[in-house]
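A, B and C are the chain letters, set down in written order, and residue numbers restart from 1 in every chain.
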């Protein structure tokens, strides 16, 4: 009676889901907002470029044999003195700006993305634990979050980076820099998720379907993972999208301050830092293009997150 | 000055629709009713039948994406559905007043009872603070609150549900409206408190001559308090008439099924008489009469054409095959 | 020769059940002295005995403790004192009543199902948790049958809760409760949130399932009319105590306790609307500070000083009919 295996009609179910999605209000709201469509397209293009950077970058900027000091400080190709090989010009070491931007984009996105992911995981986990168990657990976690929130983000990440520099020998810094940056940014971002999720968890915990599950013999872990977490993720998604642009900017700031990515593995922030020194000597392109890309990047994610906030608000449906 | 026709409220052929990107959904279809001054009309129906929506349209609280598609609402000889927001707001609170279901959210939690009452009174009547305060205390006494002078300084959370609802009634009646629209005023209360609050409402309205439109899904409440009742189904009135007649001998098959499905203490059977099926949603209304898929008296005519309201005895019925008088 | 009535076996025995909740402390009276503990004594000594196949109902207003009892029976609360014994278990107090053949259905149909799970998964969950099946897929056919039993269709398994109305969701909750084939079903106001016509359908469904499967119901409601229709025996609760208990005929035809009479009188008599209802005075006392004696004394017209001071004893008016009062003769005769 219980152990038979009726084949689940997977294909019709997927087709059903696709039709439901294309017909949904969410998609309709999306097409209505022109600015969001533009922002989304930018995000998509940027992500594509980042993923394919290895193939579309005209020069490999990590291989010191491929660039030549003779090519340094060349302006963009459409200006006089420019070289067709280097579309957006070169920096002081003779590296192609366009290729540098692509690699820098890659690094910025990876660090930003992973740190947000870690923040979300840490924040949701602590928030659910806090809201579900209450009492001492709740007090400890929330007061810890309060303490973390009172420390400014940049200061904390500076602190972490500073300590890392002392502890880790200089030769290995290049390997560890991305991980340290990611960890530092992740540690400063989890609190907002924890707080939001905690409130929602307390709400969901008292609902009848959770009670029904408990009566049927569910363990606390089962309830937290399978019932609570799926129902508290919606605002987290929105916050994460907005947080992504903040994380990217934080990493850029740190690199700009010189405590982020090293110059041989530049992120967009490092490039801006370098280029800044040459701004008033006339080589504006070294800083202008990476800066423009950073602006477009964070603006696009920000606008997308903003739209998601309104679109996923059930009261506005 | 009373106009020639004394009718207080005249709703003519009202239709309400909801704007939706896939096409508009019509929620109320050609609804017409009248109310005389001082009478208590009950609006009965299941959730989704449209009774709250009608109340909202009359009090001017209908919000986007809902809007009045056609029809007119006349109040005291004046047309009110096409007034601007400002005029509508003046009307609401002074001449038409509302009572809602949840007393906890009807009252401002950060103001005392006294502050809320006096604020409402002074918004609509030119009284000094002391006069407004005195009027408020009188009202609280009328609704049966013990020690009203002390209650004036209490906050809503310090009162029980029944007492809060009495305060809400006092708020609704403090400026002597002609019409009170009460949307499920006792559903959230305990049974014994419900009886008390309904009695207060009925007594006050008789004393002040206020008409009441009582929206509820509870036939028992209607039988206690109302003089006339309108039964709604899928956005239309299917039966309307004096309470005694509608309850004693319901003529529309839906009304009859509804009354029969209420468990009665007098007769205890193993199974209740149930109406099979559910009320159709707005976007899946059948052709013809909306009730025909569930109707025991259905004929082919019912499946094709929508019945109009006709007079039968003292009631109006929208049915091609209504029941006769119950002996 | 006397014919002996063969009673069905007892399935649940509750003896002197007390449930207290700690609610923090009062305000400090001095700097280094914590305020006294605040306690809500929700259930103050309940005795119930339920037999197989019957429907035992608890009726009372909000705050009387009936939902607390339901959750204690379901294993969600641990009793502070007293005992809960099901016929098929050794000891009480553990979560996971499904092993004990107990399940529960709830009042709010909109919160009874996880909105992000498909119906099939919600229905199969009790089976998966009690290890009767390995996964939702394996239980698909069985869950389809469950849905058909409650009047829905097998293909509804793939839908989400928001695609159903309140009444349909309540049926799905009933189907889920029946998945592990329990013998005992706790029903916490299952029809209070439903319209009258839907309520009739759900009550009829519950009655039919009871006849088909031999279920025992513990039914909670504040609606006397519903109680009178479906119960075999009734307990009337007031502020944490059962003030009157008996068969449904005894309670409704010969109500003894003044509170029972008040509840019956408070029902709108829609089929006899001209009768003026008895004037009802007062409201229930604060459950945080119940009086030492009879909790109803403040509203009772038979009250004497004794009533406020000492807890009234339980009198048996007949084999099943019990009344908790100091002056049963005077009260019952009135």
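The rule we apply is simple: a contact is a pair of C-beta atoms (placed from the backbone, for glycine too) under 8 Å apart; a residue touches a chain by one contact, two chains touch by 3 or more.
Quick caveat, the model's predicted, so the values are computed rather than measured.
Trainee: Looking at contacts between chains, which pair has the highest count of C-beta pairs?
Mentor: That would be the chain pair B-C.
Trainee: Centre-to-centre on C-alpha atoms, which chain is most distant from chain C?
Mentor: A
Trainee: Quick one: chain A and chain C, Cα centre-to-centre, how many Å?
Mentor: Roughly 51 Å separates the two chain centres.
Trainee: Quick one: chain B and chain C, Cα centre-to-centre, how many Å?
Mentor: Comparing mean C-alpha positions, chain C is 32 Å from chain B.
Trainee: Looking at the complex, which residues from chain C come into contact with chain A?
Mentor: Answer in residue numbers: 71, 74-76, 95-99, 102-104, 106-108, 111-116, 122, 125-127, 129-130, 132-133, 137-142, 158, 173, 176-177, 180.
Trainee: In their complex, what parts of chain A are in touch with chain C?
Mentor: It is residues 1-6, 8, 13, 207-209, 211-218, 222, 227, 230-231 of chain A that touch chain C.
Trainee: Spell out the residues on chain C that touch chain B in their complex, using ranges where they run on.
Mentor: 61-62, 165-168, 195-201, 203-204, 207-208, 222-226, 228-230, 248, 252, 262-264, 266-271, 273, 277, 280, 283
Trainee: In the complex, go through chain B and note every residue touching chain C.
Mentor: Those residues of chain B that touch chain C are 46-47, 160, 162-163, 190-196, 199, 217-224, 243-244, 247, 257-259, 261-266, 268-276, 278.
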